[in-house]
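Each of the next two complexes has chain A plus one more chain, namely chain B in the first and chain C in the second.
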Partner chain A sequence: MSNERRRARQAEPEPSAQELEQQRDHQRIERRALLKGALGLGGAVAAAGWASLAPPSWPLSLRDPDGERGKPKASVRSLPDGGFRVPDAPSVAELGVAHGTQLKPMLLAALDALGGIGRFIERGDVVVIKPNVAFERPAALGATTNPEVLTALIEIVREAGASEIRVADNPIESPSSCFVRSGIQAATQAAGARLFLPTPEEFALLGTPGATWIERWPFFWGPFVGANKVIGVSPIKDHNLCRASMTTKNWYGLLGGRRNQFHQDIHGIIADLALMLRPTFVVLDATRVLFRSGPTGGSLGDVKPGHTVVVSRDSLAADAYGWDNLLERQGEALPAYFAKSAARQLGQPDWRKLSLKEVNVG
Partner chain B sequence: MFVRDGLRSYRRTYRLQEVYWGAAIAAGLLGVFVWVRYRGAHPDPALYDMSAALAAGPEPSAALEAARAPLADRGPGSLVPGAVASPASDASERGPLPTDLAAGAFHEGKIGAYTPDNLYVKIDGRAEYYLGFGLKSMHSVTLENASGASVEIELYDLGASRNALGCYNGERAPGAESTVESGSTFRFDRNAAFLTRGPYYARFVGSDESPEVVAEVKRLLELLRAKLPAEELPWAFDLFVDQLKLPASQVSYARENAFSFGFAHDVYKVSLSAANSQENMEAFVAVKADAAAAASMAKQFQDGFRSLGAAAGQTPAGVPLFKDEFLGSFSGASASDRWVLGVSSAPSAERAHQVLQQLEQGLHALPEAVRAKAQPAPEPAKGGEDE
Partner chain C sequence: MRRLPVLQSVQSAPRAIVQAAHNVTKPNRDGSPWYARVFRLTTTRILTQAFCFSLFIFLLWVTWFSRLGGYPASLFLELDPLVSFATAVSTHTVYRWLWRSLWILVPTLVLGRVFCGWICPYGTLHQFIGWVFNIRRNKDNIGVNAYRPIFQFKYYLLVVFLILSAFGALQIGLLDPICLLTRSVATAIQPAFDSALPDVLAGISARPGAPHPRVFAGAWFIGFLLIGLVGMNLVIPRFFCRVLCPLGAFLGTLSRFALLRIDRDLTKCTDCNLCMRHCEGASDPQEALRKSECFVCFNCIDDCPEDALAFRLAPVPVHERIIGSLKDGTARLFGRKVISKLPETVLAPPDVPRRRWVFAGIAGLLAFPFLRFSKSVNARSYSAKAIRPPGTVSEPEFLERCIKCDQCINVCPTNVLQPSTLTEGGLEGLWTPVMDFRTGFCQLNCTLCSEVCPTGAIQKIDLARKLGKEAHVEAGPIRLGTAFFNRGRCLPWAMETPCVVCEEVCPTSPKAIGTYQQEITRWDGKKVLLNQPYMRPELCIGCGICEHECPVQDDPAVYVTAIGESRSKDRSLLLGSEVKRT
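For the complex of A and B:
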């Protein structure tokens, strides 16, 4: 204590007895005050305990056991309401089927059955084409989309006036190798389309309201930025789990993350895929049919020539046609994903109820 | 809280040093506040990183990136996803793949090593088939020539020769003939070949059916036949092949779900119909730990066959037969000591009786050593995991 302060304190007069009594009275803690204080302290401790220890889902809980609550939330993207479909046209067929060996005329003929490519693609459209490039297999083995069909499709879409055509898939195996080995990369580049390889920055969370498994799931979003038309072009394959992989299952290649877990409910996830993406139209590439040992195949003995393409806005109808006539499983019950998707009003598995136009080309 | 007038200050002045400290603390708190607000408005892009969207498994990102590298970027012997070993341990990376695979114009490309947990990285959608046969590991390698023609080898270690045999036969096209030779069973199919030897099942997939690719497929098959260790054939071969004189190439194995019955695991089958026949008659056997277990399984088979049709009398030996409602064929099963003997899809009750009788006779003629080695396989774990 400094000398000045000590001197100042010595200069202060001694408190009187009455003042001392008042000071003691002031310092005395009354029972009521003690209880109020204890209650306040207890309440504060309880509130702090609740905020810090209550499970995260409880009201006012601040608990963050894994740090995830503290992270800023990534935005959830969504595809357009109604998907990428074009308006109905009752006067034309719902299924266009073309047989032959000249792929571009076949595709044009199948599209003409549905009203022509002009019904689907307008000048300036940005079009995403989704082939199946799942495995590192040559196209001849039937596990991937025929690159010649893709080339013909790109040419038709460009001639219809599309300003940009994007080709994208997220394969099972190494993407680069799959695109090279399948011939899809060469076909895309030769036809002048833009190839999207799946890289982390191309993915985003996609919201699919009503989906069972993928209500929020990583999606190959990059190719869809600014796109207004989507076309799926998939091979027709036997499948070990869902029995047949065709145009609806093809959208699996747009998912990221640990998508293999969905194989526990393969039919459920395919029905979700039908809900997730409503395409402009789909092409069932049945130039080859992998009728056994799918979806990977490996032997040319498991592949037969199909000489057919099927085009439809309704992927379930196209797939059901393929099941009956191209996989030649007519009479066998359709895989369960057809019924699950149809229950959501996502298509018509009974293709015979739809108008169909079948043509032979060349 | 317990001091009355606790917030009242009895000091009228503060020292300059205290003011400085207070200002510094206030400035520090303000800085923290500004920093938190700034970081909130400009979050680290890594927080939104969707790398996990591409992560097909628990592999470290480096392995994933290596997997994503273009084919041309990979040197011989480089690893692809699902790699189970570090680059330093080359032998373990290759697993049972011989080191001298490459020859002539074909050079060895990438090697992939997979376990039951990440086989889907390679063959999503098909992995469950191999898991159902007790997959231990899978190694793959591609051999490619300068013109891009290639042969890919997929070598599955299924833990036991019976599993490999069942897996092989499950992928065999109806009517496709196999060759059984020196502990190997194999067949060719245009661009491809398939081999089972010991616990291994190998697929050789050529990129096309050109002569050079087919020749390479054959060379590789012969190489693996020579290099892979053989294993004693399962006891059922002694019964079907040695005793009943049936072709070894027709013997198959169902690790689980034989005849689509959930209870029927560890069942050996042999086809008794001609390759191009419309019939699909098969004899089958299973061994259990004791006679009671065998009787129980035989009863399950009987109940199963009954569910597909209706009772159709008995054989002269008293074995109940059942007629399939749709196929019109006859099936039946019985127990004999520790063994379950059966026939499915016989064209007539008489034929079913003959087959069951032959099985019974063959079983009794088995050498005691064979009978002793016939032991039931462990029950498959749920989810296709290994036995």
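For the complex of A and C:
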């Protein structure tokens, strides 16, 4: 420092007492700000340390020492024990078959053979009806459930006192188009039932204890929330792989996920489906029979009239009856899924051993 | 006694209301009635813009299987004069509803670029974003709305696009604002909107009932491009409209003939430049109005403190009528003193020097061979995965017609239609529709894409035509391509595992996929009955549902390629396949 500057500096007056007091004030404020900052910073570091270092069982800990905690955990739903079946009633038939052209009287007659709709549906029930809407086809091609059968069924269920009726399926082709083209959407809406489209948020993991392939599998859960009765109504179709797609295979349309793998064991998965869903009853809609080029069909030449509906609590019996009498494959061995399902006590493929009541309507 | 302040304010409330009402209904200083302040032309413009933007979004929203019910889903594309003009240049025809663009063309010839300022939904988006995020000071607003030579660029683009159209390579869709916004909403905004929608609002979802969230090839690029172009408003207001928009350039060129324009009264204008503050088009209303740049937004008229601007018939410039000298302030016009120092009032044609038109022309002439002799779109080496939707005309005609608006992709119920990336279509085919059967499949009984296509790239077909029924039995079904088996990946062929989902879902009757049945003894001694699939190519329509449902998901064991598509004889596969099928 040069002499001149030093001199100039010495010449400066000392700060006044007031100025010094102001300086001390400022320092106090600085001290407080520093303490606050340091406390905040320390708190943040401590919180970060707690979250990352505290053992996983401690509150607010995020520690994940082996990577297991970070994995998503899906909750697994389950359907009621014993499914949606109603109690046995030995005095009535197990298999109701009605032939004719007037669908509602036919359905009523077939149900009467089983003890009447009142045995199955009570006042206030929430009922899920599962048609087969797998493909975007007009109903006449026989690849989907006949919408008129669905309408009649909804009316019958409503008249029996059901408080809510839901219709749901997860088609292979674009769902909204399938529901419209097949006529199922119009039938559902006209009959005042509620349609469920298989949007992603409607699916949940379903547990099916004892199943081979679908012990835990994405399931069309939305329509089943609060439901206490389930009815399947399926067309009767030839099937390229499992030979016949009827009321048991129909439950396939409740599955989500990578279901195209199931063809590697088609009979195994159908037996799983029979285990997964034990319905209140099933309706085999044989007003049309898709006897070849199934399950898609596509030509009126693949369809013949069946003029029949079959109702049963036992989907295997209904399907076996359809195999013999409607697909007219009597004498050919039943597809393997019948035996596999029967081995699990899920039904009686030998329908002749069951009591059957057959009626002609109109 | 002091009155409580609350009481005081309650008592004075009616008076305040009366006062406020009085203030609102007070006439303007110039004697015009009070509602002239509120019901201004600019207010009308803003309401029109809001309406047009909402209508545009609404029409894209109804472009879906369960909502289409007679709505003119592609209305804005049909109104777009560049679409109809460029397709008329490339095809020498005006398809279906494209005459509707006269509704825009005629007002443009009378008024100028009203479309840009009043109707264009993309312009409205730019204007709105620019307004919301404008943090500039007034002085900077004036500067940023001055005309810049870079605004010529859109005219060069237009020249290149029109020359390409003349050669049959329609590329306007790359940047046409209606095509661009339709595409961006369909492939980028819509999936984002649906994924953000809470379950309770599922009813207003853009794609109700869709079984999967929709995915689109290159959506990231289309989306980021949208953000980037809209974001440019923060740098230069209406950047896209002023610099890039080929439709704006087209309408700008037409505007030179417009009868009405913003006219500056030289005897009132003080050269204050305030008219530039909110000038959307950067059209220099403060000096010689660049009519080709003017969006007719009327902001300048609102902003002018001297009331020197008016929108009126003004076919002839007035500067030659000025008597006296502007420099020494003696200039007079029709007996009034000229105040403005800038006597020019209009510059009608686009500000593009002639030599540069020539440069743009040469660029256009070269652009065609550059595009067409790129392998992916050339007939000699087209992409196997450029599988076009049903009803599409043959590829060269398709390239004359497709404007890349992606309405077909928007309406497709199965998500099979994807904007082409450079891989399938090269630059010329970029964003045109191609089918990706891993994402979806062509639903047998669906012709929606052909309904919404505004230009006939996908011709309107009915179901009988698609399936080859009724009057079309002779022609047979429309075939999109042919399915092939990759036996090296097929479960029954390569892995001794039953499968044949492909046969199950094959929609033709009789099925195009058959199986050889054989029982084999596996490596572990187990006997397995295998159905090994094979293809009957004369029955295959290339719908791709087999590929979509194949469990060998990532590289399906059955896959469709474009060969055998019925739209082009050059691409047939089987001998005599044009002959009626048995």
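One rule holds for everything that comes next: the second predicted complex is superposed on the first by the 292 of 362 C-alpha atoms of A that agree within 3 Å, B and C clash if a C-alpha of one lies under 4 Å from a C-alpha of the other, contacts with A are read in each partner's own complex, and residues count from 1 in each chain.
Keep in mind that, in the parts below, contacts are C-beta pairs under 8 Å (C-beta built on N, C-alpha and C of every residue); 3 or more make two chains touch, one makes a residue touch a chain.
Nothing here was measured: the structure is a model prediction, and the numbers come from that model.
Novice: Given the superposition on chain A, are chain B and chain C in a clash or a fit?
Specialist: clash
Novice: Looking at A:Gly40, would you say it contacts chain B, chain C, both, or neither? Reply first, second, both or neither.
Specialist: A:Gly40: touches chain B, not chain C.
Novice: Who does A:Lys104 touch here: chain B (first), chain C (second), both, or neither?
Specialist: So A:Lys104 meets neither chain B nor chain C here.
Novice: Which of the two partners, first being chain B and second being chain C, lies in contact with A:Pro200: first, second, both, or neither?
Specialist: both
Novice: Would you sort A:Asp265 into first (chain B), second (chain C), both or neither based on which partner it touches?
Specialist: Once the two structures are laid over each other on A, A:Asp265 reaches chain C alone.
Novice: Determine, under the contact definition given at the top, whether A:Arg85 touches first (chain B), second (chain C), both, or neither.
Specialist: A:Arg85 sits against neither chain B nor chain C.
Novice: If you stack the two complexes on chain A, which partner ends up touching A:Ser176: first (chain B), second (chain C), both, or neither?
Specialist: both
Novice: Going by the contact rule stated at the top, is it chain B or chain C that touches a larger number of residues on chain A?
Specialist: Counting contacted residues of chain A, the larger count belongs to B.
Novice: For A:Gly257, using the defined touch cut-off, is the partner it touches chain B, chain C, both, or neither? Pick first, second, both or neither.
Specialist: The answer is first: A:Gly257 touches chain B but not chain C.
Novice: Given the touch rule stated above, what does A:Ala74 touch, chain B (first), chain C (second), both, or neither?
Specialist: first
Novice: With the two complexes overlaid, spot the stretch of chain B among 25-33, 223-231 or 349-357 whose C-alpha atoms clash with chain C.
Specialist: Once both complexes are placed on chain A, chain B clashes with chain C in 223-231.
Novice: Using the superposition described at the top, list the residues of chain A that contact chain B and also contact chain C.
Specialist: Dual-contact residues (chain A): 135-138, 170, 172-177, 180-181, 198-201, 239-241, 258, 260, 263, 293, 295-296, 298-299, 301-302.
Novice: Within their complex, state which residues of chain B touch chain A.
Specialist: 1-2, 4, 40, 43, 47-57, 67-71, 80-81, 120-129, 150, 152, 154, 171, 173, 176, 189-192, 203, 205, 207-209
Novice: Can you list the residues on chain A that touch chain B in the complex?
Specialist: Against chain B, chain A makes touches at 26, 29, 33-34, 37, 40-41, 71-72, 74, 134-138, 140-141, 170, 172-177, 180-181, 198-204, 218-219, 239-241, 245, 256-260, 263, 292-296, 298-302.
Novice: Using the touch definition from the top, list the residues of chain C that touch chain A in their complex.
Specialist: Checking each residue of chain C against chain A gives 65-66, 199, 202, 208-213, 413-414, 441, 443-446, 491, 497-501, 503-511, 515, 531, 545, 549-551, 553.
Novice: Which residues, counting only chain A, touch chain C once they are in their complex?
Specialist: 135-138, 170, 172-177, 180-181, 197-201, 239-241, 258, 260-261, 263-266, 293, 295-299, 301-302
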